[in-house]
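So that you can tell them apart, the chains are marked A, B, C and D in the order they are listed, and the count of residues begins at 1 in each.
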Amino acid sequence: MLYREAGQYKSTYAADMGVFPLREDRIGIAVILAIALVAIPFFGSDFFIASVMIPFLVFSLAAIGLNILTGYTGLISLGTAAFMGVGAYSCYKLTTLFPGVNIIVLILLSGLFSAGIGVLFGLPSLRIKGFYLAVATLAAQFFLQWAFVRVPWLFNYNASGAIEVPQRTLFDIPLTGASATPETRYFVCLGLVVVLTWFASNLVHGKLGRSWMAVRDMDIAAELMGIKLLNAKLMAFAVSSYFAGVAGAMMIFLWYGGGEAADVFSIRLSFSILFMVIIGGLGSLIGSFFGAAFLSVLPTALKFGLPALGVPIGGAAAEHVTFMLVGALIITFLIVEPHGLARLWQIGKQKLRTWPFPY
Amino acid sequence: MNAEPMNVTGTPLRDKGEVLLSVENISLRFGGVKAITDVSFDIRKGEIRAIIGPNGAGKTSMLNCINGFYQPQEGRVVFKGERRAKMRPHRAAAGGIARTFQNVALFKGMSTLDNIMTGRTLKMKRGFFWQALRHGPALHEEIEHRRVVEDIIDFLQIEHIRKLPVGKLPYGLQKRVELGRALAMEPELLLLDEPMAGMNLEEKEDMCRFILDVNNQFGTTIALIEHDMGVVMDLSDRVVVLEYGRKIADGTPDEVKRDQKVIDAYLGVAH
Amino acid sequence: MSDIATRPAPNLLASPLVKFGLLLAAIVVALAAGIWLDSSNTLYAIFVDPFRQMAQAPDLLVQTIWEGLVSGVLYALIALGFVLIFKASGVFNFAQGIMVVFAALTLVGLYEKGVPAFLAVIITLGVMFALAVAIERVVLRPLVNQPDIILFMATFGITYFLIGFGEALFGGNPKQMIADQLYLPKGAIDLQILGGLVSLQKIDIAAAVIASLMIAALAAFFQYTRIGRALRAVADSHKAALSVGISLNQIWVIVWFTAGIVALITGIMWGARSDVSFALEIVALKALPVLILGGFTSIPGAIVGGLIIGIGEKLGEFYWGPLVGGGIESWLAYFIALGFLLFRPQGLFGDKIIERI
Amino acid sequence: MKTSKLMKAAGLGALLAATAIVAPGYAQDSVYFANNAYRTGPFSGSGIPIGDGMRDYITMINERDGGVNGVKVIYEECETGYDTKKSIECYEQAKAKNTIVYSPWSTGATLAAIPRAHVDKIPILSMAYGLSASADGTNFPWVFIPPFTYWDGASVMVKHMAAELGGLDKLKGKKLGLIHLDAPFGKEPIPVLENLAKKYGFELKLYPVAAADMQNQGSLWLSIRRDRPDFLYNQGWGAMNPTAVKEAAKNNFPMNKFVGVWWAGGDDDARAGGEQAKGYSSLSWTLAGTEAPAMQDILKFVVDKGKSTTPKEKVGEALYNRGVYNAMLVVEGVRNAQKLTGKKVIDAQDMRRGLESLNLTEARLKEIGLGGFVTPTTISCTDHSGHSKMFVSEWDGTKWTKKADWVEPMKDEVRPLIESNAKDYVEKAGNWPKRSESCEKSS
């Protein structure tokens, strides 16, 4: 009874084409945003905001990026972390060269560089398909990782060899650097993620998104419909890498606050983001959020939550359990629901829609 | 441009208009296997042209050559007066050739609506940034094309499955959606590869009606491959018959029906 | 529009051989000119100096190629595991790398817990069999008929599970392979040739010999046994195999077990060269470019691909690496594979794909 | 089905809620010390003995003395798997639980924590690792890097070479190879070695090992064979070290010319090379073995009483003893802070003061039962490292032994580099907090 579409008539195509055609969905989104904007910053502890929410947002964005490539366009990439790295290093160079420009603008711009690099490494995708392409993206992963260490210009010749995030402010409120509070950093992340998610949603619901899905589902037919495969694929690489790049810049500037980026953007990260996309649901934006929530929050929850609840679990044991659990979950999801958490969510909504009279 | 239709078989043609597309001496090989050998025929504006022949005669390969999916080793495809050794799929699409496929080639993960909307891809002009914003011109464009698509949906009577993913639809409906997707391109030439394969009688009748309506209402030229002889004879204006990659007959249904070579090769065989 | 019939003149340029020859000639001319004009000696350093070095110290060249050969054999062994599984079940088994680590870890772990070496080998084989059965039951059977990509991702799940499981059982610290206890040879054979010393490690020779034996055994197995024939049948078509009464489930257990045996042998060999640790899992990714080169279904392809990658990356790192500060080995293999791939998308030994619609 | 889903949801919710409120709930008479540990992952071979050493020493202090002046030290490990992401989480948790000092135990984690610590006012104790420039206490009041930095180590390596060759003047024309992990940690010694190479006229050759190729060093050792360096310095970590030692043996590189940084001097690292690893050396500042009275106390009060998970034969291994040393620094820091403030239960601010005026003389070390076994160190408010002495230790086939006498690092070479780099760091950071903390006299 709570969730009813009956009686909600659409009189225009515009209304029918909305991302959230149902009133209940729109209310739901409003509630989530209210929680994100008000409840979390006011009631969450610093630890919760800095170690749960910010990572969640960053990973969500990266997962959306990979989902555009893998879920929507059907191209597997194992190089997401490297593209994130490109974003982070671009942002570092940009803010060094243009210290006066607002850091949020620069974070958004830095994605363009990783989009460019993404296109470059996406070029083989016209001739290479499937697993072969996955291996080709490993070339990007390892090459870029090497370059991050080997090209000192990228990290401003710092003796530490790492990105050292400088302080940048907006209206005298520090956004990055050590004195930026978790709340500020959280708000910046949230803003970026909301805006970019909105863009992504527009794209996947429009012409480009349909081209991507057409390429994914039946590339030959898509080509015969007049979709240029190379354009569509490269566009997917560009948009996907853009998202990854922005996520990478956010990761270093708003979450890590600097550090040894070559080790941050390792192949392990590429894998985790791929898992987020699989568990969340290939080809679903909301699934990216679910996947990110699941895989970034679960280990933290296991490690810090269980001892806090009084369940004695050693750090090492928690780590092992996490690995096994993630592995088992991936398999379980593929077996039970190959479309991931997103599909479970839909099924849940369907049930709610008919509740309490399922027949 | 020499617009004089080539009268290959020597039979008088029912003059229905100028030649829209002609294939000239096409030969196609896969390694050592000859799929098509030296085939020529033409398709005239506004007609329904059938391509028939036993299994493995090279019918689908022929369509693939026409819209550029295969590149024949020899011969030319002349479309709207432009003669090309190599047709490219997207160029064919841009030029107004649409097609359906023998084994339905729908985008299985997408809804009926989205599938048909992809047919509008070439007609949508708004750039990337407008699309990302989905406001103003981009939204107008999207709505405008949605209207066209809704008309097609009405025409094909598939309103009820508008938002369902096509992967789970029954076969007959999938074929209909595929036709819709091709129609959305507003093609000048529509290539239908066995549009009625695997359908029951009622579905076949529906499909026949749609094909005739398309031909009549929009004036679309249609080339179709079909096995059901009754359908072919009823629908088509002219028929070309292939066997083992060679053309053995070309003419009106009546002429072809009487052709001894065709009877030997094809019609004589009980179906 | 005029309609000049263009008769296809014999187009010399169309011949790939001529194209390639012209390209090569152009490159050589351009390089020669470049080197001649080269003021900063960059081109010299890239295109001449490495070859000069090779000529000057042929012993080092031989040694480099030998090193490449040995790591190529090890890459090929990992790739072989992939190929076996891909051939018989169409699954791209990402977990092969971790299976290598897991097998070696089990062996060493058992030995550390006091099990005699050879008994430990047998028990490890048992564990690998159990693993094969478990994977078939828990992962493959429920996922039968799913798209390849889903199965591929399922093997990621297996990978993560085995990482956690292996560490929980045996700990994550690097362990020494029990090479002595397994009577693997130690030491080296030093050859005085080409005015220098070429040192061949006995363990490396053993690795090459064992790898060859295993490949021969596998080839015989595929060719001459009933199960082998069944495996090939399954590789061609699952449905056809089913229709002639071959049990897919059994076949899967057998191939995964075979891949497990290959993994154990790889683990022993690699472990004896360095150590048994989870870092090996990343090295195992190098088998992927090998697969690309060799094609996913070809055993000879895996061998040849392995050797090309192994030798290519060692030569590259040794002679060209220093130009950019070294460490290029971490990505060179992928680029070699990528280069090949652009010219032959189906791999060296794969069949050309004809797309149908 | 439905209930199980509900249960799962509830469980997850509870877990989340638990993470959301990490409450510091410790008794009044204790101080909390959060330590990053990595008992999992490819580096756990080093992480486990270090963690064991730290835990056992602190347990020993609590058991034997009832804590530091009656204040128990609560030692808690946060598992990082040597992963920076998890380290950052651990930092946030340590902060939430009001740790008195944070020990990051990885270069990446240290780099990420340094800026935060200056805002959150939590002292970082990065013992002989981390950012070398942070030895400058004027710019980094909250970071401590005793007893020396990687740069000191590199200078001692050069001194060692000179000693072997018979004088600094003999270095001319020699070749030193640096085999290092291709990451910031591994590249740390390069600036000092480059300076010294220029100064003394030897040649420096770099051999980077990518993290992905830690166990795949074949071509690298071929290059070493080609270049024939006279000495090799190994700035390696984790699985890279045993492989390097094995490869050195395989390639007949003279082991006594092969010296590792202290973190490449674990027992497992050398053991992998078997017989042939004899003579492999590493820099160190803690003697291996259990002869020291404090070590005996660990055996007596902790290990023998079953209060430790450490196998007895592992007590006294090189890395274990480094863990002990690190724990000792924490304990002595607390003791010093108590003395300075007169409080019993100190907080992070007090701890910083305690560490900054830590003066571990030979006599003081003797009192705590480590005299002669570890290097004496004096920290001051400008010098947060001490640049203490170290020695070259040698693997004799079964254990690490002290090979040569204690050597002082080239402080006059290292110090200017530290100061200029610290300045560079602070400048680039923009708006770096100026030191406002007052200076303590060494005590």
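To be clear about the criterion, a residue touches a chain if its C-beta (ideal position, glycine included) is under 8 Å from a C-beta of that chain, and two chains touch if they have at least 3 such contacts.
The model shown is predicted, which means the values in this text are computed figures rather than measured ones.
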Most central chain, judged by mean C-alpha position against the global CA mean: A
Dominant chain pairing [most C-beta pairs in contact]: A-D
Distance between chain centroids, defined by C-alpha means - chain A, chain B (Å): 42
Euclidean distance of C-alpha centroids - chain B vs chain C, Å: 46
Between chain C and chain A, distance of the C-alpha-averaged centres to the nearest whole Å: 32
Separation of chain A from chain D, taking each centre as the mean of its C-alpha atoms, in whole Å: 35
Shared-contact residues (touching 2 or more other chains) in chain D: 39-41, 182, 208, 210-212
Set of chain C residues in contact with two or more other chains: 167, 282, 285, 325, 327, 330, 357
Numbers and ranges of chain B residues touching at least 2 other chains: 69, 101, 105
Partner chain A, residues of chain B touching it in the complex: 67, 69, 89-90, 92-94, 98-99, 101, 105-110, 114, 117-122, 124, 126, 128, 131-134, 138-139, 142-143, 146-147, 150, 181, 185
Chain A residues within the chain C interface of the complex: 76, 124, 127-132, 135-136, 138-139, 142-143, 145-146, 149-150, 220-221, 267, 271, 274-275, 278, 317, 319-331, 334-335, 338
Touch list for chain A against partner chain D, complex: 44-48, 50-52, 55, 96, 99, 142, 145-146, 149-150, 156, 158-162, 164-168, 174, 177-179, 255-260, 262-264, 266-268, 297, 299-306, 308-309, 314-316, 318-320
Chain B-touching residues of chain A, taken from the complex the two chains share: 12-14, 17, 199, 202-203, 205-208, 210-211, 213-214, 216-218, 220-228, 235, 283
Of chain C, residues touching chain A in the complex: 92, 138-139, 142-143, 146, 148-150, 152-154, 156-165, 167-168, 282, 285, 288-289, 291-292, 296, 324-325, 327-328, 330-331, 334-335, 337-338, 341-342, 345, 355, 357
